[in-house]
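Two complexes are shown next, each including chain A; its partner changes from chain B in the first to chain C in the second.
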Partner chain A sequence: MKFTFKPSPNYRQPQSTQSIMFELTLGLLVVFGFSVGYYAMAYNISYALRALGLLAVSVVCALATEAIWCKVLKLNVKDHMQSSFPWVTAIILTLMCRIDISYYALGVSTIMAIFFGKLVFGGFGQNIFNPAAVGRSIIFASFTGNVAADLISSATPTTAIAGNGWLLAIPDGISSVCATATSCSAALIPAPTFVELLTGTYAGALGETSTLLILAVGAYLAWREVIDWRVPVTYLGTLFVLATVYGLVFNQGMVYGLYHILLGGAAFGAVFMMTDPVTNPTSAAGRVVFAMGCAIFTLLIRVKANLPEGVLYSILLMNLMTPAIEKLMDGNQIKTEKKNWMIIAIVAVVGVAATLICAFANM
Partner chain B sequence: MSFLTGPMRKHVNGHKDLTDHSEMKFVDPGALVYLPLINMGSTAYEVLVKEGDSVKVGTKVAFRKDHFTVPLYSSVSGTVKGIQKVMHASLKPIEHLVIENDGKYEKEAPLKPLDYKNASKEELVDFMKNMGLVGCGGAGFPAYIKYGAKGIKNLIINAVECEPYLTCDYAGMKENLADLVSGVEAMLKTCEAEKAMVCIKETKKEFIPVLKEAFKDVEKTEVVAVPDVYPMGWERTLVYEVTKQRYEKLPSEVGCIVSNAATAISFAKCMRTGMPIVEKIVTVSGDGVKEPSNVRVPVGTPAGVIINACGGYTSEEILLIAGGPMMGKTITSDKFVIGTYNNALTVLKHVPVKAIACLRCGKCSDHCPAGLQPVRINMAEKSKDTDALKKLGVMDCVECGMCTYICPSKIDVTEGVRRAKRIMALKK
Partner chain C sequence: MNRKENFVAGFVKENPVFGLYLGLCSALAISTTLDNAIGMGLCVTLILTASNMIISAIRKITPDEIRIPVYIVVIASLVSVVEMLMAAFMQELYANLGVFISLIVVNCIILGRAEAFASKNGILDSALDGIGMGLGYTFSLLLIAFVREFLATASWTITNPFNNQVILHLGLEFLEPFKISMFSTSTGSFLTFACFAALFTVLRNKPAKKEEKKEAK
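Presenting the complex of A and B:
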């Protein structure tokens, strides 16, 4: 008879990190599947095959990078993969790219994302920046022109509205918007209708278009306790409020705020990237502040910076702030609850003030 | 539950069906019983008998003699064999008074029965002290200290039993319903509270009506159904659930007294018969024991004897836990005994789990019933950062085990918090 000693408790819940990552992978594949279906129907089967090819390239590059890392460090490859989940980064990165990205650009940026975004920090659980966001920013910096020609002739709705300084209609007498924007077109409201933006039946980043599907998958993952529901809810809520404030200054109407949620990577980032537990704060209060910060930076970058999209960099910027938020909000969470609400209120005021300053500066 | 603190609790699979309808049997302790000379970590005991003395069931054999007074009574009749150091359920070797059991169970009630309906508060508190009534929920806090307090508004009777596998309180209540009712009535009188609330899990669907029926004629008393979550039976969680109030150190700060249902039953029994706690109802459960069931055993019965009476072990390699799997400690021998405030033996097959890197998911912080951040405490512990540990309020931890339970990476989070507490204790 052997009586084993183990410190209490000796009871474990069924959910494991592996099961969390498995369900997350399934959720991402649902979004990817929709995209493949859309390209097969709206364009032709070669587009769908290209999407599958892109995913394959990225996943293979990610797995190969980690396998080589294991070989160099003499780690067991199988054990390592089961606790490192490189394919999740690869899928997210692929879903953030447009169908016209070259295989080469995606492959190289995947390798960079895995190596510089994750492994050099010490691997899964240690990285500071969201590895997929690192990969996408590398594409932004180095491969913007590296696209397969003539795949999509028109600009995506996101680049279209960005060309108009993120306004649906430019009010009379405000010309400075056009001065800062890359191109002011006459057709001010983006070509896809509101419903198309919701369902995602238009060309854009592979996985970022169907807001409805992303939110449905997000709701399912939140219910399964795979992601923290506070992050997408706070992020999208804050973004909506700030965008509405901005829109009111430019007389854009109440529906304007919704465009900020529907366009670009807002929903995708909220559900799949900001919820990355490794790179956001561990406390519920910290996550709320993290998500609010992401929303503020998203809006500021969209309306003020020289980039078409703000979600990606907002995540990277807030990843940078994560340790500071953690430290700020450390303590017995019951006793610090009041203080944490104060911090949230301050962040909210700062967010609204920054939005208003940007709005009036853009006038 | 709050937006910024998380749910602070979680439904866990209780496996209560293993034992909740089992027939209760009496287990004879065999030739020797060992009475542990410990109460809440204090071993300051004065022994009143010497080797060779003959004792009966109910003979006062020792008492705790420091700032608390807790008498200890013999649970069998027979001869005192002396004092021996044996491993205790708290994982420390401590002194036990060894009594040779003659198997006759001759009784001598040490106390005069008391009619609580005509007794004063002082008499009732004194009775608690003289009978050695301790919190039967597992902590063993002397009841007379709690009940001496003034200005109590709510008496909360804890019948939640949130530890997985445990059904001893449930079985005890079913068997001693009349004693439970009079025990609660007497406790209500003792603490002079405005009302008593008997709290039981809402999932005990068939038993709640029985309880309600039993208490329907008792004034100022209600049966309250509480959610089936862990750790609903923790004093702080339970007080917050029924009063929405939080306190610093003791529930009496917010006018509450919390007592276990088993404590109320023991109190009533002793007032009726004059016999203190000499017998315990113990749940023996888990996948490591052949016939999980509730048993009645004299205080001081070794765990091994009880397990044998339940069919023995199912596996060669097991975890033997004194208590439930969440807070009970694994003991590496089955020689330890059931004391006055032990109520379960959980036997589990040993299935090693492989921990992987923390993914910082924050589930431990979301579910910590004390509102702490176990993940942050573990990080600070690794770097021995005592300033951070102080800020993180590590000493508020009661080691309920929730953080390890919930951790999807299967890390021993609670153990890291324990190490942190040790660092802080050494620093003082």
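Presenting the complex of A and C:
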């Protein structure tokens, strides 16, 4: 009889956490490089330098925070950095900001994101919330006015459509949509064309605009098994379906759902933030439910809340739910398959129902 | 424990806010400015001392079965008196503190000290305990407010609550563009509170650790 000896699967896996995070960093830098190139071409070189400066400030702040943390706790700085990856948080946070954010605001929010979002929970692998999302929400809460003026004066397409209550055109006889919106124009928004939205050649957050590139990087990372393909696919699919349902109620046409995917941080959040293995459920079915929940919250926040964007807070809300999902869908996945499908179906029904209630309430 | 230890315990060792986590609701809500912190802290100190003394005085004639309602009646009467006085003489502070003055009735520190200390000790001890705990509470509020007011407005202001005259204004104008407005909201108060609570836990555990080390040797 022949025995074969092999180490257990988690040791046999060729990928280490280090190599995964390295490839993720490369993917993020590709998106950032495109953004720098776009600002250099469309405006001038000083914009590109400013983007690079923002990234440098954020990364330096993140590294410094972790280094001080190590000094206080008397840890080896080099060992800690190799298993903590503060730069990933810094890069994601920078990519979520607009180019007109001040260096100070980005630096402070990076420090807070690393410290309050990650280190106090016990460092990489222990955090409940996505640290970059924590940092972005701190900017939302504190520094919305703290921007370098005269960089981008016009509203971005995302804020423009948010000002219209996330509708392309307000149908006749519906005015209550505008109740929460800041500036309502009954006319069609001069929205960017689909090509512009896909390639990302318009003003917006640094890394959230070029949907096509983000999806390409996401596909590569999914093929390399750095991220789980289920999360972005489920998220974008659910968001598209729900937005189409919402759009049909307001007679916006079938392409309306695409705007929800292309505008704002939907693609970026789906590829780079929801796939964060630390704040995600571990089982495949749990991740599907997680992504669906994110999509539902994104749509509800976009059309109902007085915020320009919903992706960020939807991620934070579902991070909060992750332990519950984990508890609900834990166990032998083959045995609980039927139950998992039931849960997914229930979440889907709840999502569609909530969207319809929202739509008719907004009428 | 002698009287002095009892009095000092309220500051670090048994600090009601950072050590016992009592009275957090008001501490988190009103610690936006130093003015509010001083007003609220002294209010609580006054009520706590008075209620401790009264409850200690009647501790022998209070039936055990209905002691909680008795305490509540005593505390609520004192709070009503203080509330009306504030409405009459310190309108600005009264408006700023709002509902949290009436909520002193259900402040855990006051009921907790009545139950844990005043119902078992003499009047003088209870009064000292009330003053110590109240000043500990004031001290914690001042710490939170000190950080929050500076981060949110880049200045410190202390006003006289009776005539609203500014006694002290320390503003650092060059820091004006760098203020973090989040610290005037509840998010900032939770973050500040958590940092201080961690610091106090470290301070409290330090002597214990030293003793452990000594024993190990």
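Just so we're on the same page, the second predicted complex is superposed on the first by the 348 of 363 C-alpha atoms of A that agree within 3 Å, B and C clash if a C-alpha of one lies under 4 Å from a C-alpha of the other, contacts with A are read in each partner's own complex, and residues count from 1 in each chain.
Basically, contacts are C-beta pairs under 8 Å (C-beta built on N, C-alpha and C of every residue); 3 or more make two chains touch, one makes a residue touch a chain.
Every value quoted in this text rests on a predicted model; they were computed, and no experiment measured them.
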| item | value |
| --- | --- |
| Touched partner set for A:Gln126, first chain B, second chain C, both or neither | first |
| Contacts of A:Ser46 with chain B and chain C, given as first, second, both or neither | neither |
| First, second, both or neither for A:Ser142, with chain B first and chain C second | second |
| Which of chain B and chain C A:Tyr104 touches, first, second, both or neither | second |
| Contacts of A:Asn332 with chain B and chain C, given as first, second, both or neither | first |
| Touching partner for A:Pro277 - first (chain B), second (chain C), both, neither | first |
| First (chain B), second (chain C), both or neither touched by A:Asn251 | neither |
| Per-residue touch tally on chain A - higher for chain B or for chain C | B |
| Contact residues of chain A, present in both the chain B and the chain C interface | none |
| Touch list for chain C against partner chain A, complex | 177-178, 180-183, 185, 187, 191, 194 |
| Complex contact set, residues of chain A against chain B | 1-13, 15-20, 82-83, 123-126, 225, 228, 230, 277-278, 280-285, 287-288, 326, 330-335, 337, 340-341 |
| Complex interface listing, chain A residues touching chain C | 104, 108, 116, 120, 138, 141-143, 146 |
| Touching residues on chain B, where the partner in the complex is chain A | 2-6, 10, 12, 164, 246, 313, 316-321, 325-334, 346, 348, 350, 353, 356-363, 365-366, 368, 370-373, 375-376, 388, 391-393, 396, 399, 401-402, 404-410, 412, 414-415, 418 |
